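What follows is a pair of complexes built around chain A, which joins chain B in one and chain C in the other.
Presenting the complex of A and B:
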């Protein structure tokens, strides 16, 4: 028929033109272009994020894919079964808005973004559909996400995690819980956990941790050799990058930092206030706060967050290299040193923070709490008191993934850094 | 000056990065050979030694465990014990204390032949791929008191013998039930201690008990690391006089992350080593000062062994990675 109108189907824009890619691109451009002396070996990481987040390239993996929603899921076990762990915690504002349907209005951006990501059709990073999502029962919002993720069509495993860590009872409970997890992985992969494959898996992680610790130690230097925004990017890449390639890249970065150290290179001015970053984890593309600090002339020298230091710092000791002892030792590593605020007491977190301030010669602390991340909000008081007693200035910032508060935050951060500089001057 | 201090630092690094378990194995083996076979070379270090170099190993011993002469002295008739013989008891105690002060409980972890035998049984089990067992915390809290009870009995029963309350055939009571009496002479081919003495009722009970405890020792130390040390009255006695000791186990709580790595490798299951961040002197009564905790601590300077205040072995990150990172250098 003649008057038949030609229907042109609405075509979705290619990913790299989407708002989501724009968000990542914008952040990455700031990270790369706003600073003059980026380490050359950071190119690997800049390129990685550009490919994965801005172009939407596929993230490859070996064997089955096991998504994790917290650092408490023992990655060594996943590797030992020939599967690949991938951390699902998401930092995108786009997904934060999409996930808002699942959670009450005042909820944590990270949890909402993770849900939003899992609920969308083409997930970025493009990791493919996880064969299993491991959800350690840590904070309430993550706990309650479990069923929602299951309803989206994923296989979910609740890894039972105690919320007291001092008692021997919880240690024993957690060790049992981890052993049950290995049983679930065996069922999933059809493989057996042997001394050999577990030892090889632990070696992979140990090597990555050793490289991380080296980087961590370089950040003690004053003036700094590397900026915090780069360090966060490095640890963020650990979420999804191939562990061996990641470790090689970090080792290369370490070599460059060693050279910088030798040649007396300064990544910042000598007077730049040194900041310890703590609280809710910065996850790309939400590196808003660390970036604001460094754009205002400060430098993030270390952190106490689960997207960086807490994820990679603590190492496993084994007495008898047999499957049982290795699994129990791994369990211990994931529970005992953990400074997550979901636990009843936070003595260890406070001690760790004080130790980091001292060791890294930090002038002040920035405490990020995602609005709705109750556990960090609740711990603010005790941490503030601790720092107050020690005479260490702290800036508490409640924020989320949106960029609306950027102007206001940058004013607050500039004022805070200014006060740190003045304190330094008075002391000198 | 600067060169010598950097050389000292290099030495310190070398010590701190040592393959600790291997070092300890060879040290223990050497000590074992010395104290179980040294007698053949006419080595005699006296009879006031603060560890189980058993006096019943008459040919091979290079010295005698203090508990044997102590019990003999205490079972002297009271009239003698509470007069001139008392001085001999006191000088004996003094010599024992002088020996002890040098290594503190390090005698247990590095020198004691019975401790070494237990470590060998442990490595046998490990080679067979059998897992060790542990106590629950409740059991630990109860069982840890037994060594004090044994110590008290070890003093009271000889006193009772001296006072005529108990039969002489019970003397020396602890040695009769100590597994070292049967096990150490065995290494020089002497199996004569594996007998039950039917000469009197008391001797029968004591020697039968001794055999059962030895059997328990062999089974126990196969499934449980340092099974016997937990009940050792020598260990209790050590702890009571450990204040002035030269070798010390120190902890800097501010550097501790309470990761539990030290607790995890501790043969004696001492939880305080990980959790206590207040006490700088971290040696507890169950500790054998094997220093495995220091070797397995990833935090530089959190744990260390000091001798007369000078650090001799310190936990370091690099040392930890070297010791615990099995296979990380082949990973590439």
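Presenting the complex of A and C:
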């Protein structure tokens, strides 16, 4: 009867002693303790990450839980059906290693980490099992993970997304796709989409967006009132935090920044090089690059990434407040202003980057591409050319979630910041 | 007399340079990094100072650079080795008619830097996290071939056949490739030339990424290897400027920066 030998399960360690918790704790301590003058109202966010990522506290939600793997899934619709959206994109190196089983060796850390997290017993943020995972068909790696997520036992919905942004055919296709998604949500929740519910959901999101925009505008100030590492943490919290509580906390932070502004407070030295951050998104605990920039005396003043600015900046413009028109307007918001590199052309992204450099008075650009994220790697060329023409220095960094290249990266970042300072000095 | 020092705490060697108020080199010193970065750095500095008959107080400004720059707290300031390398090569390159492109191969990284006519960094590229095509690669190869590092350069020219192709740029894979070639009975010289060409083509690709302008300056420990210099020149299609002390260019740059920082501060101080 040797074949019947039973596998004896081992007792897994409590969450707060796991490697994921350790990774999160190290990063959070670094974010909080190694920088002086953190805004007091950041305590809400530090505490939130401490509870959720380091202690493994559960994140509560209302109604059905709908996980999303990309910002192209319209969250207003999910709220309108009384469900809670939760962004699943993950930034943990330990989940990245676990997710490596599913993807080829050279694939994006973000996708691997998300898969690794979904396949783990210790899903963090601890959200319980999503009732549905919405996977927009954007980049190839996300597209191909649908089946794998399904194999893990989740219900997955492929939200069809076009590759060409400019064409009318794409717009119509995407509007239809969003309407179909509405039908799927109706089936899931057993509820009906009404004008009132959708209006309330849109109001919820736009209040959050208004708070974000205000925070974003404070970052135009020179010298800066807040560091980029804190701003990234705030937008990262939007992935899983209760939206109303999040908005209240951001408004409180905004009040403090207004006070800082009035009292002439400086979060950085007045000569600190101002950096625009673009490319693959920094997601906690992987804030490696923004932190390296700010440790070296620079400051991230704005970004063009889908974990921050691109996720929250663009508002919905509704023509007719009838439910079908509202859904179409929502669809437009998720397609037209999007600057994701998965599209055939990237004129909008390049234009937006140049605008951001001007509006936020950035001295240079740091472009992060996760090794294996082909679309960002490929767009590097055209973006670099655009900046070169405009005389704006850019540092391109290919990296992943591991910390083993920190030494070399810090040298490159310091040298880049030194050259930005030098440029400023000799121009003045 | 006031002196200024730069200390380059590298992955393989610690380099110290001292310059006087005119910016001429008073002395340089190179010693292995070992495992005790801090202790060895402090010793390297005091060794050079005593050799020059100087006291610590004579050094008015000290700038640390290199991989271990943050560990050396005795320094007045620290700067990345890319900026320090650029300053050092710009100053040292003046004797050769000025340089605008710098190739540096160190113990665990390689860099290409483009500078403008004032010596400011315009653009740079650096190898990613792996040690392919760096000094470490030569180290491993020399060990496989039972040669001293110093012998590699001369051996490069002793082959009777064409350089062999080493396909792998990964240090670990290249090691097994070298063993494979030895097992097939190939001569050491041809293998060494092959290794040099493999590093050269990788380095030249890095340099092309930043753009090659004007005269090209080559520094770092491996620049002492004449075979490697020949291979890079061949791949590049032009002659390289190799300074007298290629290992200490970066430390020299840090010392020159220390000097100008000190002079700037003096100028700002009320008389």
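Structure notes:
Criterion: the second predicted complex is superposed on the first by the 418 of 428 C-alpha atoms of A that agree within 3 Å, B and C clash if a C-alpha of one lies under 4 Å from a C-alpha of the other, contacts with A are read in each partner's own complex, and residues count from 1 in each chain.
Here, a residue touches a chain if its C-beta (ideal position, glycine included) is under 8 Å from a C-beta of that chain, and two chains touch if they have at least 3 such contacts.
Bear in mind that the values here come from a model prediction, so they are computed numbers and not experimental data.
After superposition on chain A, the partners chain B and chain C are accommodated together without colliding. In the superposition on chain A, A:314 makes contact with chain B only, while chain C stays out of contact range. When both complexes are overlaid on chain A, the residue A:20 reaches neither chain B nor chain C. In the superposed model, A:405 lies in contact with chain C only, and not with chain B. When the two complexes are overlaid on their common chain A, residue A:348 makes contact with chain B while staying clear of chain C. One geometric descriptor of the composite model is the angle centred on chain A: between the Cα centres of chain B and chain C it reads 120 degrees, in steps of 10. In the superposition on chain A, A:175 contacts neither chain B nor chain C.
Contacts of A:224 after superposition: neither chain B nor chain C is touched. Using the contact criterion defined above for the overlaid structures, shared-chain residue A:422 touches chain C, although it does not reach chain B. With chain A fitted onto itself, chain B and chain C come no nearer than 27 Å, counting C-alpha atoms only. Residues of chain A that lie in the contact sets of both chain B and chain C are absent, per the superposition on chain A. Against chain A, the residues of chain B that register as touching in their complex are 126, 129, 131-132, 136-137, 254-255, 257-265, 271, 274-275, 277, 292, 296-298, 317, 320-321, 324-328, 330-332.
If you check the complex, the residues on chain A that touch chain B are 166, 168-169, 171-172, 199-200, 202-204, 206-207, 210, 213, 217, 244, 248, 313-322, 324-325, 328-329, 332-333, 335-337, 348, 351-352, 354-355, 358. Taken together, the chain A residues at the contact with chain C in this complex read 398, 404-405, 407-408, 411-412, 414-415, 418-419, 422-423, 426. Chain C meets chain A in the complex at residues 67, 79-83, 109, 118, 120-122, 124, 126-129.
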